[in-house]
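Below, chain A partners chain B and then partners chain C, in two separate complexes.
Moving on to the complex of A and B:
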């Protein structure tokens, strides 16, 4: 009887959160997989099982693969740009190479608190003819006829985007690495210095190995964040010109909410979920390898 | 020999100092310049904006702001955003504190399974819920309503809050709860009288994360709202800031209106915000 009552109380505390979570997140994710095998029509509310037709449709679409390429660029910028840069900046502060570090830290971090959609619109204005970027480049290159046309290049359009991504998110990683650097016992570093270790040796042999776990974790955060990223590019370019800056999320949005093809849209989102699971497993695997070789 | 070494070290140190300062000053300029440019441009009349992007306003005007409110209906959207942020944040904190308490302090075999399914939500690709949720919300009439948006915001913010809460409640000693129970306190009394007052710091972290997330959220609000009565501020700002829109001054004013609350929040709570983001790095997924 006592045990029964305890379970009841447990349920009273857990159920409200669980119910909302199941209804809004868990059930839709599962039904999304189901929808991806149908030709669901929202007006008639009918769905016919179509097997892998939707998947074949997207996997044979060059735009899908180009969006995938762009998503991979975003992931690369996050993992090999934002994380090392954030780590580097945190290390500079940690080694006390700058004064007023609180101010500098706030300056790097500030873009993180501003709505992504606002940042996207702001930068789209900055690079447009009414913005300052074309003018600045005109001055630097001494070419008064310069106009910002890099976005019209299929191959290069993602470069300015990569820059804005660095601008926006480096601060998050700076803060995470800062907190973890401060947890390292300063006595270890002092002891190494007394033994004659150089700055570089301390960094490679003591600091980095202690942070393998955090590096892997930030990589997971960066990858899953990059895969679902939507706001910045949607606001900055809308995926355009043409599909040059499309991401999988924008590709999916256009299929589902512009063309009303919910089956294909669901297929894209299912691919995205699979992709994020695979990438997280890879990072986990690399992390284990590193931890094993480091020990 | 030793002294030589010291001199070299000192020189190296000052060189790396210079490098470090240049990097941080560069970042500071890159952060501040666009924001300052946006701010003063929002006071320029249309002609001045087009004529010279760099120039300060010659004839500063509040017209852009007035237009953003009257024509852009930003006041309506701002009220919606305020409602979404306050109600969702309140619900997230309360629901996740309840669940955290149960996960951490009431023994049950189901806990590992349920808790881990919440943690999976941290890595979910949010796009995966868009279409099915859009269909079901349309069918039951919750699409384009405030209730619908609040429900969604609560759900997507629960995983992080529950993670933070559970880890925090776990650290509260069991003996405290047991002694209260010996004195005859029920689980509810323990929750309201002991757990909640002791969890203020983690509740502040939850508040900051959830409030930032709700105020800034765009994609879901874009898909799930279509009328002025339920549109949020980011969707409203986006609706007249597309690449083809030409009322630049009004757009600049709208961007300033949209970002100011968050910058103020950061200025006031920067310590807590920093600590909260640092805590994110402690998630052991």
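Moving on to the complex of A and C:
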């Protein structure tokens, strides 16, 4: 009877969430994988099996690979930019190595509470040839035609985007690391200081090993977030000029919702899911290795 | 104790959820009559106002049919100035046809296209919907989801500009256009040209010679915001192909008898590259938002702006009637050796309402009444006054109090023959490649030959 009750309570709590997960996440992913092998026509609701035609189409399209390259840049900026920066700033504030830490914490976190679309439009306006930042430079240099030509470069157009991504998301990681740093027993740090440990040694030998799990978690969050990122770039550049700031999500959007080619759009989303799973497996593998070596 | 607390908590949660949903249900039921009252209110007000202000309209005998509800999906940014003209149009229609209840949903930009596609996929299209003659509406036509309007239009066809009621898809009229649109207009600020010691360019070479002095004065030689990739293709390149390659070649291309790799098309692409290379189009215009153009032009940042004729509605409010005298509407100068007509622009039938396939009886009659009212003289007069839009319905506009720039827009159509707008005739991958490719040409990352070959391969 007791066991039955436990199972019932378990089911009451788990089933609603499981049903929502299956309906909103699992079923669309599976049906999307199915659609990627067809020439699905949304208007007639017909789908003819086409095999790997959609995959061949995207894998032979240079724009797909350029979008993939841009996605990897976003992942690199997130994993090797936002996370270390957020961690570093959290550590500075936690160890009270800077004055007015509350102010810094609020300033770094502030962009996180603004809507992504607004941030995209805001930065787009600020760096536009008639925006505030080029306007100041135009006045200083007395060149009324000055503009940021970096946005017109096929190779470098992602640099300003990377800067905005750092500005926008570092605060999120700062808060995650701050919360976890506060869970570390201060007596351990005090004991290390009494034993003569330097600040660098405390950081490397005490803080970092205790946060391996959090670092891995933030890396997974950063990777999955980067792969599905869409709103900021769409609002800021729309993927342009040409396709130079396209991400896989924008590439997919254009196929599925502008050209109404849902088969190709589904193929792109399937590739994104696969890529996400592979990268998360790599992160988990690295985390286990680090944890094992730390122990 | 702990167990009973847990059960109590679960029960409380369940009760609160049930209560919330029940109350929400009650609220919806309570709200429904209020909404009906709100919808009815304008009609009642109109009935009160109508006898006093619009005796003529009341005197005109309109045959009212039975009560019909019409679901309307409209393309409108309700925060835009156009919203006032829309409200007035709906009020006038409701006054004329009180038996037809319009249930309107407004949507705009991408959200509109997504909604229409979703409704079509669900087999739940509205009775009437806002449509384009081609482009993104073409999918609906290809899948036979929209009714042909020619049988409804009948002899009334003669009351519209022939270009507006030309067949749009497979010999059918899928929407009744409210205007004929010229997608290429070169706006000229003649006062600014005078200030710079320049005059209206008669030839392309004269225009090229102006790039240097205009740039030296810290101005843009030509304002053409190109951040959105469609702008170059729609507002300039289409007209350019019409000029360089000519209408016959365009017809052959659409019939599948000509290729994008033909010399005429490659030359047109090369001409665009030349405009970036000789400085007429400055590199920073690739970063200019489409919405920035009218303000920059009206505030004297350039003597020239290339855009569509619809921009009259955005430029005119920024200028006084006296200032508008210094602004002219023309087209890009003729190009040496062009095969197409001199002084041509690119034209396309404008947008309008279309009818869901399969509507019959009273519903179809009501739908046609709305569609023809929206394109007809009463709604056209509202748009002419509020937005300076020259209607497709043939009517004498001389008696209307409209902006001088709108009058010039009216004259523009008679002075410039039209060729095709490419994205009206070509859809899918080739047009996506062209739009992106025109930006790549500007940035020197592709060649006309390569771009033409990519387009041909994607056909």
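FYI, the second predicted complex is superposed on the first by the 258 of 295 C-alpha atoms of A that agree within 3 Å, B and C clash if a C-alpha of one lies under 4 Å from a C-alpha of the other, contacts with A are read in each partner's own complex, and residues count from 1 in each chain.
To be clear about the criterion, a contact is a pair of C-beta atoms (placed from the backbone, for glycine too) under 8 Å apart; a residue touches a chain by one contact, two chains touch by 3 or more.
Source: prediction; values computed, not measured.
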item	value
When chain B and chain C are modelled together on chain A, clash or fit	clash
Comparing the two partners chain B and chain C, which touches a greater set of residues in chain A	B
First (chain B), second (chain C), both or neither touched by A:20	first
Which of chain B and chain C A:167 touches, first, second, both or neither	first
Touching partner for A:238 - first (chain B), second (chain C), both, neither	both
Touching partner for A:52 - first (chain B), second (chain C), both, neither	neither
Touching partner for A:80 - first (chain B), second (chain C), both, neither	neither
Chain B versus chain C as contact partner of A:42, first or second or both or neither	both
Touching partner for A:65 - first (chain B), second (chain C), both, neither	neither
Touching partner for A:144 - first (chain B), second (chain C), both, neither	second
Touching partner for A:111 - first (chain B), second (chain C), both, neither	first
Stretch of chain B penetrating chain C in the combined three-chain arrangement, among 23-31, 41-49, 113-121 or 185-193	185-193
Chain B and chain C contact sites that coincide on chain A, given as residue numbers	9, 42, 45, 124-125, 128, 130, 238, 240, 257
Complex contacts: residues of chain B adjacent to chain A	12, 16-17, 20-21, 23-24, 27-28, 30-32, 34-35, 37-38, 49-50, 53-54, 95-96, 98-99, 101-103, 106-108, 114, 117-118, 121, 123-136, 138-139, 151-152, 154-156, 158-159, 162, 187, 191, 212, 215-216, 218-219, 223, 234, 237-238, 241-243, 248, 251-252, 255, 258-259, 262-263, 265-266, 270, 273-275, 277-285
Chain B partner contacts - residues on chain A that touch it in the complex	6-7, 9-10, 13-14, 16-18, 20-21, 23-29, 31-32, 35, 40, 42, 45, 89, 92, 97-98, 103-118, 121-126, 128, 130-132, 135, 167, 170, 172, 175-180, 199, 214, 217-218, 220-221, 224, 227-228, 230-231, 234-235, 237-238, 240, 248-249, 252-253, 256-257, 262, 265-266, 268-270, 272-273, 276, 280
Residue numbers on chain A that touch chain C, as the complex places them	5, 9, 12, 41-45, 63, 124-125, 127-130, 144-145, 147-149, 151-154, 238, 240-243, 254, 257-261
Residue numbers on chain C that touch chain A, as the complex places them	3, 6, 10, 110, 113-114, 117, 120-121, 123, 136, 139-140, 142-143, 145, 215, 218-219, 226-229, 282-289, 292, 296, 428-429, 432, 436-437, 439-440, 442-443, 445
